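Chain nomenclature is as follows: A, B, C and D, assigned in order of appearance, with residue numbering initiated at 1 for each chain independently.
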């Protein structure tokens, strides 16, 4: 037994065990979640240390090497996502412990929330560690079904419609992804990413496979114009679920997209595809921001912000590829996008948790009602402001490091357009987040009902997440070096 | 193998059934055509030499999916009221969609026609079959070489069940799954329900036991067992279990739990999910046995749906 | 970009630790403001925050580099003469203002918030003088720029809210411009060191260097970003709005210390030898020096008058920087820093005196007014004062007409500070006894302005001090002040007194018309009726978003979305082929 | 050119995918979409299986078969959840279509 095998086993199985236990013991959800957090965090810490000291970890499941078996691979990228997920899930579950508490008799939502949340975590970890396209498909399906269920957990007509709408995109996305994977296996006899890297491009049909995979994953990542499902779904779910859905779930399909283009098929990327993806990202950014400006409900603002923020994840494609081949700054684009994905996960989850606490206090999330909420929830508003700093990309947050890396790559690659879009994104984020913040700090109306009290301990969780997003920027050198471990060559040499 | 007239005919019939199922006007008839289509597809699998897939497709793809679709159709018809009004003209999006689907079909066909020389994993599987603990290569892949997929898949089923349960109305929580089925004693279904269970049980158990050597396995066997349970309940011989029932929940999770435990235990034998060749045979049989139980329970619960409050008369 | 060596203790800096502590300490103090128990009287913590910085400046260590490779993208701090001098000035002003605040802000609205952001602003303000890498500089600059919003908005009055809104909009705009400028330079030099960035911006075109257009763009963006903070016209409009709106100690740090962040930015980042840039800065700077005085003379708010004086003085400093850049003269850049130091102390004292005027009468009042007059004369360059030295130090950078303009600017300086004196004399006393904590900082800042330039002369100017006693120097120092007194005498003489009325220019001059213009433009675009109910203004303004909303509704039906997915696959496949 | 069985079934799979995609996108009634989803799925599986059956000497490749069985179970899970959602939504909305799709019903339903 090696330490790395133990760490991987803990990370992969602890959330799943937790979910099964929660399914069995209806009213023990919070306690089981706590145990899961401890076990998974332990595994994550061990894994991080191993990756940092010994480099990327490879493990053949069951001892069967590729192409026969499924390979697990934990490089810096995987480690970064797993650690961020653990942090975000820990905070979310801590906040969820009260609204989904066990109670004397079992309640429906309190019963199903815990296994679903833990399954979501397990699915994410399975995806982040997998090196096999078909295994990724199964993980993605698990994630999707759980996410759809969480969207519908409130059981209202609107949330069920949102869940169904999400389900349509998700079903279409998985089918297309599966189609691509089937074509790749038919052509190359393997779905192992490392082996595919040597073979993809030799078959003419690979383009069809790549197109299907890209289209399917883009639909799941809610890239514009496939985002229509996202705002109603993310804003309709209970806050802890929204935090997972917005902060973590879209990152999984984006992560697969990264693995696919940068590791399995770097030679397949034509400049047209890269520009198309980047262009849709830029459009998503402007469009999501404008619509965020127009919303009157806090959760909708945050959800449209996700549409915008997911948009500039896709800048990685034009910046990492294109004309200036073998440019050292492609790694800047790659690292920048990952920094953005990680800091956005923390900040967005924090924001949704804040929104949840505000709803607990005032009963709704309409903006006018938030006036002066800082008096009742100082820590929450502070956390929201810190998260906003990250989303705006202001220094010294992780969002700033991301923006800085991507901007530098953009100028070095001679494509200043993307840098200008990033600046615009920051300005627009400042505009749409200014309104809730200004209201939160304003004097409350005389006749406004007094907000309900929310315990400080629960306000601490979103604050911790927001602080983590800031710390990611302040101490960015170490995470920067970490995610470079086992970095694919295409991240440096550029796609194409 | 060169295509025979039978293959050609089968393909045409499959396409016709699929066309009727996707394009037909009446929803109920569409579902019926879909079930027919599923059985035809199972025949296609037999022609392609994939008996395990044929069994799975017949049992799960055609059978269970068909039952789910019919049940949903019935429940929706009761709730949704009237059919939506019809539109007179064909909108531009419909034509555009048809065109896009056609282009994609051509693209896929192109990809298929230009596939390079086949390089399957038959050789790898055959080489390692002895160490896998299963004689049926498909079972070896499912439970050993790619056991992690199968483990996740058994959890996907549970996730779907949780998702369905979470759609229950709050006041109905803890009650019996699905609608009350009132069957007159002495009716055909009731008679059928008396005869089927012993036979079904035998078939199911056989499928699992045979799975390690011949086609069959936990999923196919589990489906048959689930079908037995469903019919028994529909016949009014048994009541659907309560969702809060401890035994039910234990049955649901036992398979994945044991499989997960085995996966973790594997790290003591070298890596995650390692089955030592010396013990792989009985380990696989044991995992299949508990998985079958869980799968049968899960599939049956999927068909019953969430607990519903008593209907007002 | 990354330094591979890692210290034994994670994050422990390499090199002298003290400069790092200078920046961490105020953050810790700021965090303390949130601790229950201290939260009740957190203002008392303010004077503690700048102490390590002051000690560092007083110790004047040798030029050394501190590195913290694990923080940000590798923090590098240096302690050079210019940086240390301005660091010392800044720390002293914040210390004085902090002490003053204890007495002045008896019942602040949100003491913990004020204290926290005071400390954050201070950290940024100190950081810009120590940073040797672009990221640290940018982070510091953003901290001082954005956190100061909370100092401006603190009073919560409608006036403060408006000033703060304009301030934050401009600050974020400036940050964005600066970031683009920095990133262009970083991409071009493949380095984060400020020295390398400077070199890149003037490197001759060739392999591996920036395109001249990119160089020009980066320089322009950097000037906009820093000029905005330093009050370069026409980007000055936030100063006359924010300074009066903020509580008095905050006004003092805004005008005395924070605007210097822009000055150090210009000095640190603009490359020497960029002749066009230098000449442009010189022209704009000198023009600012005069126009600001004219605008300032029309003001009747004490702090607004001082704010325009700051704009005018910063114009002069920017002109010096421009001259130094055009002539590749490092001495001129040093002199600009020296001048800025004197101005910082003098202006801090003058701003703090605003609060003091309301609590003095009798002899103390007369002494205070005399002190203000002396400080004003110092800023104008009266021989014997510290200001005369500052003027003398910057003059060698100019010649010909420009030199004459610089000398004659003393007239304007004197006039605007006389305006302050006259307005100050009219302030009514509310309480007769000035607290020592308010008087002390004013006196200390005033003395620093008058005396420190003497002590530091030899550090900044190679010429012997005796030069200042020359007849020419004395005459140049005195005549502008005499002319100003003459003009003032005429204007205040009985026949004219009260009859001369300049046009009534609102605080922030072009801010108001710009604001109106912007609102009108938005209204024109959105076809709104002019009288808009306040509550719905936001939504109406956002009518421009209507097309996006319409698109959103079009995309929602699955028939459209699903079709778009199919189309995307086809497009991706075709684009790859 | 001799039409091999694998080629025939592969093309049949491609056609099923196209048919299913069309049905999945144009139907307004959610149950019909779920049905079309299953047609696409089985089309993909057929394509996958046919490709694995190309090698006449080595026989059928068991790995895709295992993957297809997994895929069938996954598709069943998705179908079950989708149908349950549709039923729950119909209970509250009195319609088996989404609100944005419900304006004129399905043109393929009940057209004269």
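Simple rule for what comes next: a contact is a pair of C-beta atoms (placed from the backbone, for glycine too) under 8 Å apart; a residue touches a chain by one contact, two chains touch by 3 or more.
These figures come from a predicted structure and were not determined experimentally.
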item: Chain nearest the overall C-alpha centroid of the shown protein atoms; value: A
item: Pair exhibiting more inter-chain C-beta contacts, C-D or A-D; value: A-D
item: Chain C and chain D: spacing of chain centres that average the CA atoms, whole Å; value: 65
item: Mean-CA-position distance for chain D and chain A (Å); value: 29
item: Chain A and chain B, separation of their C-alpha mean positions in angstrom; value: 31
item: Distance from chain C to chain B - Cα centre to Cα centre, in angstrom; value: 70
item: Contacts with 2+ other chains: residues of chain D; value: 17, 21, 24-26, 28, 33, 45, 47, 51-52, 63-64, 67, 70, 74, 77-78, 81, 85-86, 88, 98
item: Overlap residues in chain C, where contacts from two or more other chains coincide; value: 556, 558-559, 562-563, 566, 569-570, 573
item: Interface hub residues of chain A, defined as touching at least two other chains; value: 68, 134, 138, 141, 145, 148-149, 152, 155, 160, 165, 168, 172, 179, 183, 186, 207-208, 211
item: Pairwise touch network: line, ring, star, complete, or other; value: complete
item: Of chain A, residues touching chain C in the complex; value: 165, 168-169, 172-173, 176, 207-208, 210-212, 214-215, 218-219, 225-226, 228-229, 268-270, 272-273, 276, 287, 290-291, 293-294, 296, 328-329, 394-396, 400-401, 403-404, 407-412, 416, 419-420, 423, 426-427, 430, 435, 443, 473-478, 480-481
item: Touch list for chain C against partner chain D, complex; value: 553, 556-559, 562-563, 566
item: Residues of chain D defined as touching chain A within the complex; value: 17, 24, 30, 33, 37, 40-41, 44-45, 47-48, 51-52, 63-64, 67, 70-71, 74, 77-78, 81-82, 85-86, 88-89, 92-93, 98-99
item: Chain B-facing residues of chain C, complex; value: 559-560, 562-563, 566-567, 569-570, 573
item: Interface residues, chain D side, partner chain C - complex; value: 21, 24-26, 28, 33, 98, 100-101
